[in-house]
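What follows is a pair of complexes built around subunit A, which joins subunit B in one and subunit C in the other.
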Partner chain A sequence: MATTTASVSISSSDLNPGSNLSINASSTLMKAGLTTGLTQLRTGYESIATGTEFRLGNKATEMVGDAHNIASWVYICNKATDDTYYIDWGIHETMIGRLYAGDWMFIPWNASDDAAEIEIEAQVGAQTIEYAFFASDFVLPTASA
Partner chain B sequence: MATTNATISINSDISSYPMRINNSMTMLKAGTCHGLQETTGLRHKKFTSTTAAVIVEHDELTDDKAHKVYIRNVSSSKENFFYVAYNASAAAATTAETIGKLYGGDWMLMPYNGNVNIVVASSTTETQTLEYMVFADGIVAAAG
Partner chain C sequence: MALVPTLTITDTTTFSDAINFSVTDSLSVEAPAQGLTLATITTADNQELVDEAVSGVFYFYAKNTDSTNFVILQTTASQQYARLSPGEFCFFPINDGNGLEARADTASCILEYAYWKKA
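Right after this comes the complex of A and B.
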């Protein structure tokens, strides 16, 4: 069984004056509802042009089984260095947040249907992202005839 | 200016070559090199119902900013989970804005624009506990 662990440490000595902040968490990424580890991995390092919403990763119908039960994970890092650059990210047409230069994010993604795709759009200028999907249910698209 | 750092470490043996991701970021205000200075505080909340609940109210936060939201399912069960959604209405499961599911021990950290609520729904009536915190790029003072 493959084992994937994800850990986070968040710290600040001055966000709450007089009280050090220290959050530490670690989890092993499992298949939905099970205690067996995820078995599939996709990574990438891609340039994103401005002005277009891009789909990142698979559609639900490109995964096996009941897509809504998928427990997959997505890591994205914005490799830009200009502080004003950011990437809007969201689910389908709903933008949820701004991934600024140097920021990373790590989220669960259940890919409930094809309209639950992860979308990204570069703002201000073209940017490069690094990403990884950890999943159990990817299938390759069928080749054209 | 406050300095808040977040470091992620992912290790996996899914592929035949070991995969390691190690990355750190300093949480900054939108478009600047200045650190986030505000937070809603670290909260722990027990859930004993499957009814969806708002855990982050967007009207407490400035819109279109570089907020960060940390959420962890403190419980240990790998069978039970929380749906997490970005949604104006009180629903977190099977909506167009469902992000994903946090099983026992799982955590997430995501950038958040502060425009719509963050909603969760437990998959069970068994007690589950969430830990969550917003690192805010602007908190709106409550109206008197």
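Right after this comes the complex of A and C.
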């Protein structure tokens, strides 16, 4: 059985007076129904130019089978080293957040339809990102006739 | 104040090559912050966890502690973008003005969450 395990730890020694912060969580990435592990993976390392919104990953119509709106995971890390650089990320035309240099994110992506595409745009300067998609049913694009 | 989040993903059975990577970051954070919190999330559509009116970038963590039902994460304008199945977690940055709402899909869930403002 496919068993992809994701774990997070969040710690701080100076955030809580008198006690260290130490959050730990772990989960296995499962297909819809939570009985079978995800079996498909896309990873990449991309340079992102400024001035253009890029789609990252598949559209919903490029995934089939299980409910990919509850069985798709996205990891993105901004590999920039200049701490003034950041990447805006969002869902279609709705901006959600900013990944500054060195920051990462990991979410269970609600890929409900093509309008739920993940968009990214580099700000300040061109940047490189590292990413991974974990899903159940990617479909390759149809070749040109 | 410094916050150190680390993500580790492993898999030794699914692919020809084992996955085993870890990424960590050192974040400077300041007030306001929401310490680790447990909240009951109902199926109502207006349960704001991060106020859209507060400026700044917020690093948001959440875990769905429910054993059966999933929780939807969305902007305060109800744009959905993530679904936390039972036991699953997430960590990501939220930008100025978007805020964050949570909504249980089928029945109320207990959500563990926290957030910190980027300094």
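Basically, the second predicted complex is superposed on the first by the 139 of 145 C-alpha atoms of A that agree within 3 Å, B and C clash if a C-alpha of one lies under 4 Å from a C-alpha of the other, contacts with A are read in each partner's own complex, and residues count from 1 in each chain.
Everything below uses one rule, namely that contacts are C-beta pairs under 8 Å (C-beta built on N, C-alpha and C of every residue); 3 or more make two chains touch, one makes a residue touch a chain.
Quick caveat: nothing in here was measured; it's all calculated off a predicted structure.
Shared-chain residue A:Thr50: touches no atom of subunit B or subunit C.
In the superposed model, A:Ser19 makes contact with neither subunit B nor subunit C. When the shared chain is aligned, no partner comes close enough to touch A:Thr81: not subunit B, not subunit C. When both complexes are overlaid on chain A, the residue A:Thr61 reaches neither subunit B nor subunit C. When subunit B and subunit C are set side by side, the one touching more residues of subunit A is B. By the touch criterion defined above, A:Thr3 reaches both subunit B and subunit C. By the document's definition of touching, both partners, subunit B and subunit C, reach A:Leu41. When the two complexes are laid over each other on chain A, subunit A has residues 2-16, 21, 23, 25-27, 30, 34, 37-39, 41, 75, 77, 91, 94-100, 102-110, 112, 116, 132 in contact with both subunit B and subunit C. By the touch rule above, subunit A contacts subunit B in their complex via residues 2-16, 21, 23, 25-30, 32-35, 37-41, 43, 68, 71-73, 75, 77, 83-84, 86, 89-92, 94-100, 102-110, 112, 115-116, 132, 134.
The residues of subunit A lying in touch with subunit C in their complex are 1-16, 21, 23, 25-27, 30, 34, 37-39, 41, 69-70, 75, 77, 88, 91, 94-100, 102-110, 112, 116, 132. By the touch criterion stated above, subunit B contacts subunit A in their complex at residues 2-15, 19, 21, 23, 25-26, 28, 30-33, 36-37, 39, 41-42, 64-67, 70, 72, 78-79, 81, 83-84, 86, 94, 96-103, 105-113, 116, 133, 135. Taken in their complex, subunit C has these residues touching subunit A: 1-15, 19, 23, 25-27, 29, 33, 35-36, 57, 61, 63, 70, 72-73, 75, 77, 79-95, 98, 112, 114, 116, 118.
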